[in-house]
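Naming follows writing order (A, B, C and D), and every chain is counted from residue 1.
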Amino acid sequence: MKAAIIGVTGYGGAELVRILHQHPEVSIHSFHSSSQQGNRVIESYPHLQSITAQVLEDIHIEKIGNEADFVFLATPSGVAANLVPQLMNQNVKVIDLSGDFRIKNREVYKKWYKKEAAEEHWLNEAVYGLTEWLDTDLKEAKLISNPGCYPTATLLGLAPLVKNKLIDEKSIIIDAKSGVSGAGRNVSPVTHFSETNENLKIYKVNEHQHIPEIEQVLSGWNPGVRAVTFSTHLIPMTRGIMATIYASASIDTNIDQLFDLYRETYEGCYFIRIREKGTFPSTKEVYGSNFCDISLAYDERTNRIMVVSVIDNLMKGAAGQAVQNMNMMLGLDEKTGLDFVPVYP
Amino acid sequence: MKAAIIGVTGYGGAELVRILHQHPEVSIHSFHSSSQQGNRVIESYPHLQSITAQVLEDIHIEKIGNEADFVFLATPSGVAANLVPQLMNQNVKVIDLSGDFRIKNREVYKKWYKKEAAEEHWLNEAVYGLTEWLDTDLKEAKLISNPGCYPTATLLGLAPLVKNKLIDEKSIIIDAKSGVSGAGRNVSPVTHFSETNENLKIYKVNEHQHIPEIEQVLSGWNPGVRAVTFSTHLIPMTRGIMATIYASASIDTNIDQLFDLYRETYEGCYFIRIREKGTFPSTKEVYGSNFCDISLAYDERTNRIMVVSVIDNLMKGAAGQAVQNMNMMLGLDEKTGLDFVPVYP
Amino acid sequence: MKAAIIGVTGYGGAELVRILHQHPEVSIHSFHSSSQQGNRVIESYPHLQSITAQVLEDIHIEKIGNEADFVFLATPSGVAANLVPQLMNQNVKVIDLSGDFRIKNREVYKKWYKKEAAEEHWLNEAVYGLTEWLDTDLKEAKLISNPGCYPTATLLGLAPLVKNKLIDEKSIIIDAKSGVSGAGRNVSPVTHFSETNENLKIYKVNEHQHIPEIEQVLSGWNPGVRAVTFSTHLIPMTRGIMATIYASASIDTNIDQLFDLYRETYEGCYFIRIREKGTFPSTKEVYGSNFCDISLAYDERTNRIMVVSVIDNLMKGAAGQAVQNMNMMLGLDEKTGLDFVPVYP
Amino acid sequence: MKAAIIGVTGYGGAELVRILHQHPEVSIHSFHSSSQQGNRVIESYPHLQSITAQVLEDIHIEKIGNEADFVFLATPSGVAANLVPQLMNQNVKVIDLSGDFRIKNREVYKKWYKKEAAEEHWLNEAVYGLTEWLDTDLKEAKLISNPGCYPTATLLGLAPLVKNKLIDEKSIIIDAKSGVSGAGRNVSPVTHFSETNENLKIYKVNEHQHIPEIEQVLSGWNPGVRAVTFSTHLIPMTRGIMATIYASASIDTNIDQLFDLYRETYEGCYFIRIREKGTFPSTKEVYGSNFCDISLAYDERTNRIMVVSVIDNLMKGAAGQAVQNMNMMLGLDEKTGLDFVPVYP
């Protein structure tokens, strides 16, 4: 199978190259860019010398449609909304890594993204690709909307509690922390090394565009969940997300029951690892891999459950989950070509 | 005035040397260590070459009592409980940076510290030195118990809300993050560079010894506060603490009222800086200084207040606040010799 | 084929697990440790949950000899010298990642390692496994001595110049820089996070045990090379080595000739990537991979050649090169199971 | 005395504010910017809240001349060349932190800086302010050209050897390493956090503009020194420079003689600390201070001397040395207001 990648000059695109390099069934047919056509990929990414000698091509939709079996879109928000209808007309399947097709309500998208939303028709067509919780068969999907990095860590951590109605729906607080690569490759004062190193920042307070994505999915699982508190911190490291999630138990529970629930829920999910009781995952323990590691605590004094969920934001939080979805779409085992052991230390 | 420092080979002790180097009224008379007597200070800390040529002395209580006006204890927990009665007998005032005299209830200390508590008599004598919220005149104090780093950031951030009963007492969640120097200078696998760099860990879940310290103070301010959720994360940086604090408003409020309250509460407190509305402090903005920077958000959707409070854990969280207390004890302006501008970037 | 690993609790051992997880021809039969037998591997390395459920076994030589086809030794210096004769008696092949069989002269070993050297017989038997410059067929080898991390980066960078006698033999200066994982997993004040982060240190000045290893190989290639200047710096990062190498040209040369020479020399060497003229590799560009990236500069003003050579110290500098040698030993393509794309960023 | 600062929005300017905050004789009268006039200083630097409430003013030369006793220029290269003649006409003394007045030969400046040089007249007027090696009395100076960060570390390390003709003039190699703040506050892909963290780069190979500055001073001290090899590496940390300097001894020497020479040479220089034989400085040991720490090794096997010299690039390498020169200019003790203890850890 042949894939085209549009937007390879960002970190999501580069990570797709790393993953697909050894995939047994899929190869990258072509790379496309709206701004750097004519440049070789290795001018953007010298680490890919000897991996690919390809040159970035223009985004010629018809040619892509004729030559590629499907397309990864690893572009900034606003771009996919525009490209997807054209690609759909060429009958080429699309896996979109951006936020453009995640929010079903166009007004909500506009409010949080400060941009016009995609067309209603294609929003309805898009399948939200939280792989472990798909509500449809990806083999039938034309357009997969890959979840955001924070929502992936958060939703995988919260699903068993919310779906089983074990927590007070108004009590959910997600204190999220991310490495700096989540901000992408475009330079900005916020991600300037000297401003970020040996520093800890909180940002986009009550304004992060992943809030409506999280709420949309949670309320789909349990309509009682309406608004959550979600805050984001910038950690002086490159990769990794940790979501520390707090919620009040709405039923009598204990830590053993909770671990049983999580183990049963995710049984058979290769990329979800429920950690041993009393231990908690750190972000480095999933570095460079597609794993989401989860652990739990229950504090009787406050009747509060805490869930800790970690991912590599560029893998399970972006390119890794995109390939996992691609595998599902192609009818392959979900871990085909994706079984990377975390790079530790 | 002459100070003696017991325990200079840890980070708190070294920071006292940095601060007092230019203090106009106090000089360091002697350094003491139980394990490295005979060594020069600069063998532990080469950066102090030309700052001090002194040699570490044994902990000879009587000699210290005769020669020094007061003593800083910068020793691991368990040591001060033992030394303080001896020093008190010599009529030498003590500022203790350890946790030994913070917890008034001996059973609680024993439970969280896994050690025998100090004697009741001296626990009662000790004044808890959260400088901005002292309940007694330090000029009269013989024994000052310097607060913990996390409690300092947390309590300064929560005081206006708790004292004025503006929040649901059961709703308090503190998601705390610290640089690695908070773990001290003793080596351990947890603070080994290769395990900590480019990594984010959660640790001591529901077991951190600062939990009872925070609860003791909060319930003293408002008996309705009994248990809080307090979690601690290790950030891959050396210095800095951020406490992200969540609580549900128990009254009608808005962001302007909250900022007014905080500004009024801390008016005249040089080391507390209420940031401008809409901006939030990062840890680097107080690096190397004694400031505690605070900002707030209020989310109408969830009726939740968020307080962000940052300090340098070795300064306002340890040696800086100790010197601030020393100044109060000596009847000096609180910022004498302590007016360091943050080192940025 | 079945491999046994002795010493999996260090970083070299853990990296072997990561690499061999997907190797098509070799699986790890057993893990052995002298100190942690009975523990599961994931107690040392939680990131390996779901990758291996094995338990660390005692170092039972006879059993290893009966069950395994060959053994990786990833033990501290001094251990292999002792284990190898026993393993050789069991006719099990060994790839040793330690320094014990690198130095042919026992007196030299003793001087630099401060330990007794291995037996002369086995020193002679050992093949120095700098894969691109092997002087013997590894298919015949019983005992492979894997090169040190610094020597690998340095020798691959210097080989074309030294072998072709293009430089003044007395002029070689290697200014080497390494990430902290090179110091291993044992805790020490030098590798304590707070002492290493945001810091740059020079260490083991004129005393590093890799000096005699480098000189032994260089003088084997060109007897005119006797002593080199080699210094080592500790960089506040986890992985990566850069060797910045300076030497005076002994012939008329220019930058194009030098690049031609390097490209020809390493043609067909998959893991050596000569970078494009005018660009220089950074360590992150080989992170997590087995590549050695090299570039060059020539300064007419000083008649000096500069070579820049980077590797991942745990991959090409340790476990990666060990597997590359294993592949050669087994008659496989050198990159079998080893074709990792660098993890960037 | 009243100082004006032009260019406070860069790191050099911010550091001047930190230093002068407690200076007993000098206060900052006004801040000036060509691009951000009307903004408050704390909008650029929130860490200065409560330190300064001033607003950035336009660069109104006449007003500055009337109101300020002298001016610090902390502007990018090219700006001072233009401003200095105007300021000189107002009879206001200037300390320039940029490179514009360092290179005496206008052609050389143009070649390395790719810009037009300053006027010959003012180049001749400018005094090169390497404080410990001034060749004129700063009390008479109108225009002080503050040295570059790399030249400061390098020249202080080499001075005793070059001035006393102890080394082969052609053998000098400086392998320099710097934290990222040396690249300033302007964003660029090179200093983007995700590209720089956990990475080690070499840059501007044989093209760094500090090469002619170093050669100019060395050849002034010893005309035999013509060209040196000088390379620069970007270390994943914010502050600190280490120059590792190699040169061949031209006379019989030994390590004790060398230490004696350095100690005698720098006797009475408060900010130069010759470390104890056998120990070497790390950059963190001068962090936030104006010290330059130096140590030496001599290797008999290669007859090579190695000098290790470290500074904080924003202090002794920029703002600190500027204030040291200011003190000399004003006839004050050189360490007035500048006696900061290094911030460690």
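Note that in this section contacts are C-beta pairs under 8 Å (C-beta built on N, C-alpha and C of every residue); 3 or more make two chains touch, one makes a residue touch a chain.
As the structure is a prediction and not an experimental result, all values here were calculated from the model.
Of the two chain pairs examined here, A-C and A-B, it is A-B that is joined by more C-beta pairs in contact.
Using CA-based centroids throughout, the chain positioned farthest away from chain B is C. Chain A and chain D have CA centres that are 45 Å apart.
One simple way to say how far apart two chains are is to compare their mean CA positions; for chain A and chain C this gives 36 Å. Centroids of chain A and chain B (each the mean of its C-alpha atoms) stand 39 Å apart. Multi-chain contact residues of chain A (touching two or more other chains): 11, 179, 181, 185, 194-195, 197-198, 236-239, 284, 287, 345.
Against chain A, in their complex, chain C makes its touches with residues 11, 14, 17-18, 21-22, 45-51, 181, 185, 197-198, 238-239, 270, 273, 275, 279, 281, 284-288, 291, 293, 339, 341-345. Listed in rising order, the residues of chain C touching chain D in the complex are 170, 173, 175, 177, 179, 194-195, 197-203, 205-206, 227-229, 231, 233, 235-240, 242, 244, 246, 280, 282-284, 287, 297, 299, 301-302, 304, 306, 308, 310, 345. Chain B makes touch with chain C in their complex at residues 11, 179-181, 183, 185, 187-189, 191-198, 236-238.
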